[in-house]
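Naming follows writing order (A, B and C), and every chain is counted from residue 1.
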């Protein structure tokens, strides 16, 4: 029982991190019509920003970790906007494949800038809260609970806004048909820019949640990026909720495999399992079949 | 005037008598290099850099065939290249197989793996291939680190210069010659494929899936074929790499290498053989030959990545046909100037 | 299952020798909307057959069902293949259809911009190419001979269509009327028994439309095939077609000669919207 609770909690925590990253990717996919491969790298870059603020502005005092995190997310908003303004907004007429490749180019740029600015050494980032409690033999850290809650709250707020707010309506309209949305007076360039900004902030939050376990380093988000992309495939690129649910499922599966099968090969086994599921469900768990017009 | 311009642009490049001649001439020029090194005209280490460029040209030709003619992106190039490298190192060092046999096996196994990946991902929308290959590449990299019996883990795996069937062992220069010969053969194969009905079928598929299907082109099969070619060239390049550099480390075969190879094609010119070679010289040559020798900048980590990343984006946004077309455009501009001058004097 | 197969076999035997294509109860719906509803008609050998109807009547959808780009919900598409046997096309893959002798054009001209006119037309004979991958890679004599033979055929087709002067130009930048002709030329490369044309006259000027009538008739006579076409231009359809089928909201209204169609009141109401309100 204790084991199971432990696995469940771990899954919810890591699943939330995957879900935040996946949500960022899907938000960009829906408004800019491209898979953003640079999501993880941009997140890593801004996690470094947060860590630097934490180390040099707050003298590594743990009680200011959350301020540093928020400032890191703010820098992510700016970076996201810049990326859209400087690059993506100029690429509206570019072939979808080329657009994907542009995001791959962004990986190289951020991966080149990070060591120039922050050096190549990994840096620690603290948990927001320390301490733990034992229930039924399961050790529940407060940090895990907090991360789970933050993840859920942010996603609930975001989904509420997507469904109910004017911004959400504009995003959904842009997603369903960019040209028509623009003709209806929706400022689609602004919506796209906002999506890039929010996506970067979501990814950065995911990176900061992950940081206490991995430290902040150049490759910290590589695995998360791959899994977030797979969550989008598994959940289907057509909905916002699909990838989020898929991210939690993957988080759960990953913990089960790590515990019961192999910790070294857990990611590889997980990847292969997902590929097999996709083979049988090509439109994802929640995706709709798209009829192409000829 | 405008109409005239479009007419001229619509005219395809005239086929020179035998296109192979250009490729063979290129090969011969590349073969001069070891002589120049011996005459101490150029540095010893440059031969290694150029050999690397030529090896990466081979991979890039495969990826260019995939992207340019089928519109699919693979992010697993480095993984398949690494697989070829490790297999050949293992087969020649541990199993003592001659180079030729090792080469065949080391290309065949990645191809089988590639075809399996393709079978799974290509049934679905095209962009799933990018994600599936990214995943396979991650799994392979994990395997390079963990299967120590074959790969020697993070200590890295050593290999030697090719030892041929007749027992002869090549040296550095003759291995370099082998690389040039293989590259020229690969160029010719690519040229023939592009100009065959298979090439036309792939172009059609990329331009219009509907037209392709209506004309009887089995999209699934042709996508698989294009991907298999890309994997085969990657594995082949991996084999050459490990027998020239004589070493393979898991950290060589990362996503960044795959991205660099992608950059070669985008920067040089999609659907262009000379563009691919030019791109390889820019992406793998300029950082080592030029950037590193610059004062101040050369000392900063990460400059090559930024250089390549920025170049990718700039080329896509402002020069989508690739930098090779600067040359064509220049030639055309000079030609039209001369013509104009001629008209004026009349 | 068995009875269904028997039924379908019986249906096949009931088809007269001079019928090339029979739609039988063809239906497809998108989200509850019946785009094609129990459509049934025959097309005979060497016939030029027009499908007309107001916008959104399901004409192109019917084409897509025939060529298997869409999977019909119900009904059959019987086709007399090049071998003279009748087959139900439903359930076949889109790329298998051309091998049976049925080839189509598209509403929004689907040509490949980066290829030359000749290369685009050569794609039409894709199924005629037999050389193996290896002989293509090595340019063995077999592959070279095949290429030369079919290139000659393509040149003949281009000559016939009056396009041979531009055969080595790229498709990109050609005027719309020429693109339509190239696409038509592409369909002639596979020895078709039935050619389906989706709005062949759309975007053409009067003289081009007039010329197209002669070209389509000429193709029918020269290549001994039937032609099925969708078109909005009523005059073009009545001038060209032997028989016309009018549909509205996916349903068949009337099939007959151009004269009969023009005289039919239901067609007038559906197509021209007369007297309804």
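Simple rule for what comes next: contacts are C-beta pairs under 8 Å (C-beta built on N, C-alpha and C of every residue); 3 or more make two chains touch, one makes a residue touch a chain.
Computed from a prediction, not measured in an experiment: that's the story for all the values here.
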{"item": "Most widely separated chain from chain B, with each centre as the mean of CA atoms", "value": "C"}
{"item": "Centre-most chain, if every chain is reduced to its averaged C-alpha atoms", "value": "B"}
{"item": "Computed distance of Cα centres, chain B from chain A, in Å", "value": "32"}
{"item": "Averaged-CA centre spacing for the pair chain C and chain A, given as whole angstrom", "value": "48"}
{"item": "Geometric centre distance via CA averages, chain C-chain B, whole Å", "value": "41"}
{"item": "Junction residues of chain C, two or more chains touched", "value": "69, 106"}
{"item": "Multi-partner residues of chain A (at least 2 other chains)", "value": "294"}
{"item": "Two or more partner chains touched - positions in chain B", "value": "210"}
{"item": "Partner chain B, residues of chain C touching it in the complex", "value": "67, 69, 93-99, 103-104, 106, 110-116, 119, 122-124, 126-127, 129, 131, 133, 136-139, 143, 147, 168-170, 172-174, 186, 190"}
{"item": "Residues of chain B touching chain C in the complex", "value": "6-7, 9-12, 189, 192-193, 196-198, 200-201, 203-204, 206-208, 210-219, 225, 271"}
{"item": "Parts of chain A lying in touch with chain B, wherever the complex brings them together", "value": "35, 37, 87, 90-91, 94, 96-98, 100-102, 104-109, 111-116, 120, 222-223, 226, 229-230, 233, 264-265, 267-268, 271-272, 274-276, 278-279, 282, 292, 294"}
{"item": "Complex contacts: residues of chain B adjacent to chain A", "value": "67, 71, 73, 75, 120-121, 123-124, 127-128, 130-132, 134-136, 138-139, 142-143, 146, 209-210, 255-256, 259, 262-263, 266, 300-310, 312-313, 316-317, 320"}
